[in-house]
Amino acid sequence: MNRHIAIYPGSFDPFTNGHLDIVQRGLEIFEKVIVAVACNSEKNSLFSVKERMKLISELVTDNPRVQVDAFDGLLVDYVVKKEARVILRGLRAVTDFEFEFQLAQMNHAVCEQVETLFMMTSPSCAYLSSSMIKEVSKLKGDVSQFVPPCVHQALQKKFARD
Amino acid sequence: MNRHIAIYPGSFDPFTNGHLDIVQRGLEIFEKVIVAVACNSEKNSLFSVKERMKLISELVTDNPRVQVDAFDGLLVDYVVKKEARVILRGLRAVTDFEFEFQLAQMNHAVCEQVETLFMMTSPSCAYLSSSMIKEVSKLKGDVSQFVPPCVHQALQKKFARD
Amino acid sequence: MNRHIAIYPGSFDPFTNGHLDIVQRGLEIFEKVIVAVACNSEKNSLFSVKERMKLISELVTDNPRVQVDAFDGLLVDYVVKKEARVILRGLRAVTDFEFEFQLAQMNHAVCEQVETLFMMTSPSCAYLSSSMIKEVSKLKGDVSQFVPPCVHQALQKKFARD
Amino acid sequence: MNRHIAIYPGSFDPFTNGHLDIVQRGLEIFEKVIVAVACNSEKNSLFSVKERMKLISELVTDNPRVQVDAFDGLLVDYVVKKEARVILRGLRAVTDFEFEFQLAQMNHAVCEQVETLFMMTSPSCAYLSSSMIKEVSKLKGDVSQFVPPCVHQALQKKFARD
Amino acid sequence: MNRHIAIYPGSFDPFTNGHLDIVQRGLEIFEKVIVAVACNSEKNSLFSVKERMKLISELVTDNPRVQVDAFDGLLVDYVVKKEARVILRGLRAVTDFEFEFQLAQMNHAVCEQVETLFMMTSPSCAYLSSSMIKEVSKLKGDVSQFVPPCVHQALQKKFARD
Amino acid sequence: MNRHIAIYPGSFDPFTNGHLDIVQRGLEIFEKVIVAVACNSEKNSLFSVKERMKLISELVTDNPRVQVDAFDGLLVDYVVKKEARVILRGLRAVTDFEFEFQLAQMNHAVCEQVETLFMMTSPSCAYLSSSMIKEVSKLKGDVSQFVPPCVHQALQKKFARD
């Protein structure tokens, strides 16, 4: 197993500046970061897994050390399949902490060699959440400062259709 | 913009003694308090926006410094439309805190001149939540000590129909 | 009312090692522990109330001081009907704490003689939650270390049908 | 060991209405409640252990089911010496929760048959802390609504000497 | 009593960019903000109350709507003496929240007409604390981005003497 | 700078099984882990920095990938001097989280290329704290299950002298 690969899983519906911040800082530590879109979160999602992967790819396309992927089934199984051992996660707040704690403990229990490492989200991104961004965007609020430009355009397109 | 007006937004489904406590204490600080019922929270709600507005109006009718209104769309847009700059919110507990923190930061980012001010809910109301009151009421529990009399009657009527 | 009876309510969908830990430790303190499955939590549940009761019964069948039951309606009404006064609950984490705090205060307000007593979940069970176990199990992950054997088998059966 | 005895330990410097609330509600559940003043907390304390015991005794003197005592050394050793198995503690807030969680786990690890049971402090007492009451009292603030009358008098006497 | 005056109390040892942010945003809401340095926090402080007042005055000197003052004794007594009714406080995080909650409830109980209003600290200041800044400064770390220039110079002077 | 080195700083007074757990799991991710004892935490400490370093060395002596060191001054300066960029920290609970969050943000602000990565402490160690272990040990409680054998002996020696 390769400890220089970090899997960064999430639903990324949509990918925010906070997610991008974690990817960029993760690349300073790990040789490769795989952004892994969770497929089981598709129901009730705004963007399809394909759309989400495309948006993320646009953002990281220049860096050969980032890979965008999707996974189905158990996260730990995916991590093992990728021959990685590190799951990378951002922590914003206390509510995050508790859920992430449970998840990390359970993943470690299911597959002992998989470790979850956490980074604190940058202060300027600490209040961002994909769901709030969707809510604000749906109500025609300007979210351009919270998401990368391509995501902003995609959100505008989505809600223009309504 | 008028800094003596406070907008008190919420779904108020239904309005509890805890909400009333915030309105009353808010009136000690601000010249006008506008209780603003969020329309987008109508789905899955027990009372319609109209019913909720009527119940709140009954409770504050005597005070010309309180206004009951409803709003659609982004809260900050509504605040600006009302020429106000203060959003008033009650804080009960830590889980509240985190969500409210995110919301306040995002609203401030979207519209810089809008500020959210928080009051700690009175100890006797700190454990009240509209959803728990609905749950207890639905199961024929007595909620008369948690809500104003008119809300109590409205709840009884709603669940008698079942 | 009998203060030596503790009602241990929950949805137990499914019953985990964490729940079993609370029952066993509760029996060291109380003369009788009634595991009370909440019927209103049936919608969206994986196991029916009947199935859940059967699984719990298998686990505690040897101990005449444990009783497995189901209840409908308000928990405090059920507690009074059973002539008990103690509700027993496990606390895992801070998010638990706040919800449980609200619930305990409200139950005490609705029926003053009913008290909720909390036990801290054992460290080895502190990260277990029924919903995560269902999620992992559904994705064919091995949850045998988190639930009693009979629950493990029942989970495998459920998801084999998919 | 007797499971009908609850040890209620603390520094009680001074004993507040919140502590009294826990003792009274504890008596509804347990046959005997031993209020156990921790001696090791004497340094930097306002009242001596003797003074604290005397004040508590005045408050519970009528009830033969309450005993006031002091303990030195490990709490679990004291609990075992008293042939009890239950430690009773009040929980006010999240910060309490974490410290109490650590303490309860450690006590259980050191002595497996000792269990800590928690009660949520009543809403009207949830914001009381002995240290804040001392602070307010020292600055000549009126704390008569937060502590029993005899404690109020003792505080006034203490700070009159300054 | 004048509801257009907000008292902003603290030890401000030293005054940080986070404190300045609250004062500036407070001025958007209130007609007058009184920055009130707590005298009882002098022991173990780095700067004397006089030094702290001087530093704050330098920062707000241009604005006639800000006043810098010091207070001794109970905060609520000071608020009443100033004929104000609003205490303004910044909230950074959950630990803040609980302490502030206790303080606000107790102040409201001691003096009912005094209300505490909270603002969420701006994201870029949410991790700042006076004690950490002192610690970093003492170890010759650069804190110029966390405090106003005059405070930075004062810190350098203080620790140069060591 | 070398991203394969992780600095694991702390006061380690004393080193517990929880600390050892983080070191061991850290070695699965990083090529080298430097356990760095903070010198400024010496006052009020039970063990001198030298004693602490000796105890930790005994535990990790077999592994050439672990180094035990001490540092004075700012942590980030030490990290840079070691040509590392990763600070490794364990997270046990919510109170940890907030303090660590502040620290990590401040360290990142002071020196942008330094990142703090967090691991969740294993459930069996989540309630361990050096200060509680000292407290229990001082009161002659058995802490052998919470610390490595050499630390246990050192604690017994320390408190036998009393």
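Some notes on this structure:
Labels A, B, C, D, E and F are assigned to the chains in the order they are written; within every chain, residues are numbered from 1.
In this section, a contact is a pair of C-beta atoms (placed from the backbone, for glycine too) under 8 Å apart; a residue touches a chain by one contact, two chains touch by 3 or more.
As the structure is a prediction and not an experimental result, all values here were calculated from the model.
Common neighbours of subunit C and subunit E, listed by label, are A, B, D, F. Note on connectivity: the fewest chain-to-chain touch steps from subunit B to subunit F number 2. Shared residue numbers account for over half of those found at the interface formed by subunit A and subunit F, and the copies are therefore classed as meeting with the same residues. Taking the mean of C-alpha positions as each chain's centre, the chain lying farthest from the centre of subunit B is F.
Looking across A-C, A-F or E-F, the pair that copies the B-E interface, with over half of its contact pairs the same by residue number, is A-F. Per-chain CA centroids place subunit A at a distance of 47 Å from subunit D. With centres set at the average Cα position, the gap from subunit D to subunit F is 34 Å. Residue numbers of subunit B whose C-beta contacts span two or more other chains: 94-95, 98, 101, 105, 123, 126-127. Shown are all chain pairs that touch, namely A-B, A-C, A-E, A-F, B-C, B-D, B-E, C-D, C-F, D-E, D-F, E-F. Within the complex formed with subunit E, the subunit D residues making contact are 93-95, 126-129, 132, 136, 139-143, 145-146. On the subunit A side of its complex with subunit E, the touching residues are 94, 123-124, 126-127.
Those residues of subunit B that touch subunit E in the shared complex are 3, 25, 28-30, 85-86, 91, 94, 97-98, 100-101, 104-105, 108, 113, 115-120, 122-123. Note for the complex: subunit B touches subunit A at residues 40, 73-74, 76-77, 94-95, 98-99, 101-103, 105-106, 109-110.
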